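Next come the structures, one after another.
After this come two complexes, each holding chain A, first together with chain B and then together with chain C.
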Partner chain A sequence: MTLKRHAYVWSHAIYAVNKRNAKFQLDMAALLRGLKAGRALRSLGSVAVQAAANPQSSNIRRGFHRAALLRVHDESKNPASSSSSTPHHEHYQAHSLPADEGTSTSTHEASAGGAATGQEDPQVNTSYQDQGGEQNEDYETEEQLAERILTAALDFVPQHGWTIEAIAAGAETLGLSSASTGMFINGAGDLVLHFVGHCNTQLTEILADQHKHVQLGQAEQKKTAEFLRDAVETRLRMYIPYMDTWPQAMSILILPHNIPHSLKHLSTLMDDIWYYAGDRSTDMNWYTKRAALTGIYNTTELVMLQDSSPDFQDTWTFLDNRIQDVVNMAGTAKQVAATGEAVAQGLMGAAVTLKNMTGLNQRR
Partner chain B sequence: MYVLNFVKMRGFTSAVILFRQLNKGINRSKLTECLPRYSRSYAVIPPPRNSEEKALLAAMLRVDHAGEYGANRIYAGQMAVLGRSQSGPLIQHMWDQEKRHLQKFNEILAENRVRPTALLPIWNVAGFMLGASSALLGKAGAMACTVAVEESISEHYNSQIRALMELDPEGYRGLLQIIKEFRDEEMEHHDTGLDQEAESLPGYQLVKTAIQLGCKAAIYLSERV
Partner chain C sequence: MAIPVRCVARRIFRDCTRKVSVLSTQQATKPIYPSNSIVCRFYSNDSEGKSTHFGFETVPEGEKAERVYKVFESVAEKYDVMNDAMSMGVHRLWKDMLLHIMNPLPGARLLDAAGGTGDISIRFLEYTRTQRERQQRRSVRSQQTLSWQDISQNYTPSDDQGPAESTAVSTAVVCDINKEMLKVGKDKAEKLGYSSGLSWVVGDAEELPFADDQFDVYTIAFGIRNVTHIEQALDEALRVLKPGGRFMCLEFSKVSNPLLSRLYDAYSFQLIPVMGEVIAGDWKSYQYLVESIRKFPDQETFKGMIEDAGFFQVQYFNLTGGVVAIHSGFKL
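What follows is the complex of A and B.
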C-alpha cells in the first residue's frame, strides 16, 4: 500500500507539475528540481546497492521521490551549507535538522537512506525492506501530511486568499515542493473545509471543557439562551482573522461539489452546540431546535461579513435579538398549545352539559 | 376534519374525545425532553469502533425508538375506542409496558446522541389511526392488530439480536439484554392477542398481512430517514 501511495504521489507530482507549468510559472523551478533529483538519484544509487537484498523497481522510484523531497528540504532548510557535495554529509545534515518536527517524513527517509545516520535512532529500519510504515510511529499518513500542509497554508490566506497559491506557499514552509498541491484535487475547497472542520473541533473542545467544569461543580450551567449566544459568538470570532477573505471562502463552500461536506460540518456543529446546551430531546423538537439555531448562525455570519463596527458589536447585538426572537416564539407556541387545549376542554364541557340537559347522555 | 371522515362514530362527543387523545399524544412526547441530565450511572452501549458501526447502531436505535413510539400510539388509539369496554384493562396493561419500552429507548437515544426519525409525526397519526380503526372492528379487530404488529416487532428484534451477536456479543451485552427482554414482552402481547381470539375476526389473514406490510415499510423508512 505504501509503495502504491508513493508511486501515486510521485506520478501526481509529475502530472501536477506539468499541468501547472502554464499557470504558475514554476517551469524553471521544476526543471531545476528535476536536475537535482537526477543528481540525488546518482548519489542514492550508491546507497541503494548496499541497502536491500531485493531492490525492487518501485523501491528505487520511492527513493527517487524521497530524494527529490529531501533535496528541496535540504535547500530550503540549509541554504548556507548546501555547497557540500558528499552524499553522506548531506543526508546526515538533513537528518539532524528536523529534530523538532517530530513525525516528519524527511527524518524517516533520511535515516532510511543513510548508513551513517543509523546510530541516531536504533530501531529505525535502514533497509528498503519491511517499510510497511503503518505501525511505525514516525511514519506519517497522507491524511496527516495533508492536514499539516493545510494548517500551514492558513497563514498565507490573508495574502493569497483561499486559493491553491496559499496551499503551495504552506507546502513550501514545510519544506515540500509546491507540486505537492497536486494532492488536493479539490484545491481551495479542501483548504476552506479543513479550516471549518478545525474551527468546529476547537469549539467542541471549548464546550466539552465547560461541560466538564459544570459537572465537577466548578461552574454554573448557563441558561440556554445565554449558552447558545456564547457558543455562536465564540465560533464566529474564529473567523475574525480571515474576515477580509471570508466572502470568498463562503462562495467556495456553496459550490455544488462542496455542499454535502459543508452541510455535514454545519449539522455536526449545530448538534454539538445543542448537546452541550443540554438538549436531550428525542422527538420533533430535535429537528426544530437545530433548524432554528442553523438559521440564527447563518444570518449572523452574513451580518458579520459587512459589519464595520468596533469588535463587531453590531453582529453580537443582532445575534442577541435573533436568539430572543426564537425564545419568544417558543414561548408563544407553548401558549398557543395551552390555549388550544383549554378551548377544546371548554367545548367538551359545553357538549357534556348540552347532552345532560337534553337527556342524551345515557350510558348503555 | 379528517378524524370525522375516517371514524364512523356517533355523536360529536366521541370525535372530541378522539381529538383530545390525539393532542395528548403529541404533548406527552414533550415531557421526554425534561430528562435529568447527569443521572446516567452506566452506559448501556460501548462506544462504536468505527463510523460504519456507528451508523449501523444509530439506525438500529432510531428504528427501535420509532417502533416503540408507534406501538404506543397504536395502543392509545385502541384505548380511545375500547377503553371503557371489557378489554380495556388488558389493553391498558399492554400499553403501560410499551410506555416503559419507549422511556428506555428515549434514554438510550439521548445518551448516545442518536437522531430520532424525522417521520415521528407521521407515525404519531398513523399509529393512532391504525389502533382506533382496528378497535372499531371490535375486540377481535383490536387483538388481530396487536398480533400482527407484535409479530412484526418480534421478528425485527430477532434480526437485530442476530446482527449484534455477529458484531460483538460481549461488548453489546447490555443492549442485547434490553432487546431480548423487550422482544419477550412483545411475544407475550402476541400470545395474549391470540388467546383473546384474534383469529375469529373475519378477514383475519388479510388484515394481518396488510398491517405487517405497513410495519415493514415503516421499519425500512425509519432506518433511513
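What follows is the complex of A and C.
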C-alpha cells in the first residue's frame, strides 16, 4: 500500500518538476519546434495512410474525382447525358479530368482503371454483352475513350507533330474514324496537356514508390538537393522520345487558352516534388521553395531543348549548378539574417552604453 | 440507351398485333388494365394512319413525304437564289461554319443527306483539298532539312505507305429523295468543276440505300425538319456511320432572345412568302418552309432525340442568336 502511495507521490513529483522545466523552456523556439514536430508527425501519418491505401491516388482530389465519375455513371447509366450537359462543362471536364484519370486508364488500365470501371461494371452492363470493341464504349465513359485515343496518338507524334493528324492516326489505331477527332475541341492542346498530365502522374508514382521504400527502411532518405535533382531529371527524361517536336508542344502550351491548364499542371508538379522532398512548411517558405524549383525546372527544360550532348549530359550539369546556386543562396540568406541580427544587437548595446555614459538613463 | 427503347417499342408492337383478335371483338370503351388501353389505342391509331404536321397543317403521315417532294420539286430551280435572297447570303456563312466545326481530315467520306443542290458536299471537297495541300506543303518543307540518314531512308522503298492521308482522297455522296434537286446540284457542280469525288444518289433519309459503317461524317443541312420520322432518320444515320463517325445537323431552331424572336417571326411570315411569290412564283412552298421551322423541336429537345438514337458527346452550337443551330454527335 505504502509502496503504491510512494510510487504515486514520486511520479507526481517527477511530473511537477518536468512541468516546471517545461514551463521554463517554453519560449518561442521550443514552441515552434514542437509545432513542427507535430505537423511532421501528422503529415507523416497521412503519407503512410495514403501510400498504403493507393499508390496512385496520392492526392485526395483525384479520389474525389474518381468517386464523382462512378456516382455519375451509376446515376445516369448513360455516359452521354452525364458529360454532355454543356459544351463548356465538357471542355472543363476534358481538361481537368485527364490529369486525374490518366492513371486509371492509360497507365494502369488493368489495376486502377479496372478498379474504377470494375465497380461500375456489375451495376451497368447487366444487359450488354461483350460484343465488340464499339460496344465496350458503354462500359467506359467518353472521357476514358478520349484518354485512350490521346494515349494512342502519342505514338504518332514523332511523325505528325503535336497536331490533329496525330490524334486522327491514334483514333484510327483504335478502330475509330478520323472524324472522332471532332471530340477534341482544343485539338493539339488536348494532346499536349494530356501528355503533360500523364508525365506528372508517372513522376508522382515514382516518387511515392521511392517514399514507400524509404518508409520501409529499404532505402536511405536522399538529401533535399539530391532529391530535387533526381526528381527533375526523371521528369525531364520523359520528354526525350519527343524531343524533336517538344518546341512545338511548348508553344502550344503557352497559347492563351491553354495557359491556365499548363500552369495548373506545372504548379501541381512542383508541389508534388516538394511534398515528397519532405517540405511541410506553412509560411513564406512554401512559396519561395516552389518558385525556386519552378525557375530551375523551366530553365533546365529550355536548356534541354537545344542540348546536343550525349544523353543530355550538359543539361544535367546545368541542373546541378542551378540547384547548387539555390542551396548557396539559402545558406547565404541565413548568414545575412544572422549577421543582421548580430549587427542590430550590437547597435542596441552601443546605444544603451551611450545613454548610461551620458546619464540619460538615470531617473531623477 | 437506344437498344432498350427499341426493344420496348418492338415489344409493344408485338403485343398489339397479338391482341388484335381479342380487341377487335371488344368495344374500346372501358378496358380494365391500363396497358391494354394503351395497346388498344396504339392499334386503333395505326388503322387510321398516324398524323403528323406539314407546316401548321395536320396531314396523315403517308401524305407528308409526298407533299414535301412536291414542294421541293417546284422550288428546285430557284433554290439557291431563294436561299441567298431569304437569308441575305448568311446561309453561306452558316454552311462554312458547319464545315469549320466539322474540320474534316483528308481521306474522310461524307454522306450529305438531304443534300439537294450539294452545297455542303462542295464545301467539304474544297476544305479537304486545301487541307491536303497544306499537309503536302508541310511535308515538303520538313524534308528540306533532312539529315543524310533520312535521305538514304527515303531512297529505300518502304512497305507501309505511312500516313493514310498522303494518298487518301476524300469523297462525298449527296443523297436526296428528290431527283430535281439532285439534277440542279449536278449541273452546278459540273459548272464549278467538281466532278471527281462526288456521287449523286437518290435515297430516303429514313431508309438509306447504303451498307452499315460506311461514312466518316453524316451531315443533314436544312433537311431533317422535312423528314416524317426524325427518329428513323437518326437511326439510319447511326447505322451508316463508321465507329467514331460524326453526325452533324444544321437546322433552323428556336431563337431565345424575345426581341430577336419577334423580329424573326415578322420577317419569316410577312416577307419570306412574298419573296417566294415574287422570285420563284410559289407562295405556298415558302409558307410551308417557315411553318415547318416553327414545328421543329428546339435545341435541347433535338439534342435529347440525338442522344436517344445512340450518339455520344452530343452538343449544339447556336448561330445567329439561335436562328440556326448545329448539332453534333459521335458514334462511339
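Simple rule for what comes next: the second predicted complex is superposed on the first by the 223 of 364 C-alpha atoms of A that agree within 3 Å, B and C clash if a C-alpha of one lies under 4 Å from a C-alpha of the other, contacts with A are read in each partner's own complex, and residues count from 1 in each chain.
Convention: contacts are C-beta pairs under 8 Å (C-beta built on N, C-alpha and C of every residue); 3 or more make two chains touch, one makes a residue touch a chain.
Keep in mind it's a predicted model, so treat the numbers as computed, not measured.
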Partner chain in contact with A:T299 - chain B first, chain C second, else both or neither: neither
Partner chain in contact with A:N328 - chain B first, chain C second, else both or neither: neither
Which superposed partner A:Q144 touches (first chain B, second chain C, both, neither): neither
First, second, both or neither for A:I164, with chain B first and chain C second: second
Chain B versus chain C as contact partner of A:S180, first or second or both or neither: second
Of chain A, residues touching chain C in the complex: 77-81, 83-84, 86-87, 90, 127, 133-134, 137, 142, 145, 159-160, 164-165, 168-169, 171-172, 174-183
Parts of chain C lying in touch with chain A, wherever the complex brings them together: 1, 3-4, 101-105, 107-108, 135, 162-165, 216-217, 241-246, 303, 307, 311-315, 317, 328, 330-332
List of chain A residues in touch with chain B within their complex: 215, 271, 275, 278-287, 337, 340-341, 344-345, 347-348, 351-352, 355
Complex interface listing, chain B residues touching chain A: 12-13, 16-17, 19-20, 23, 27, 29-30, 32-33, 35, 37-38, 65, 105-106, 109-110, 113, 115-116, 118, 120-121
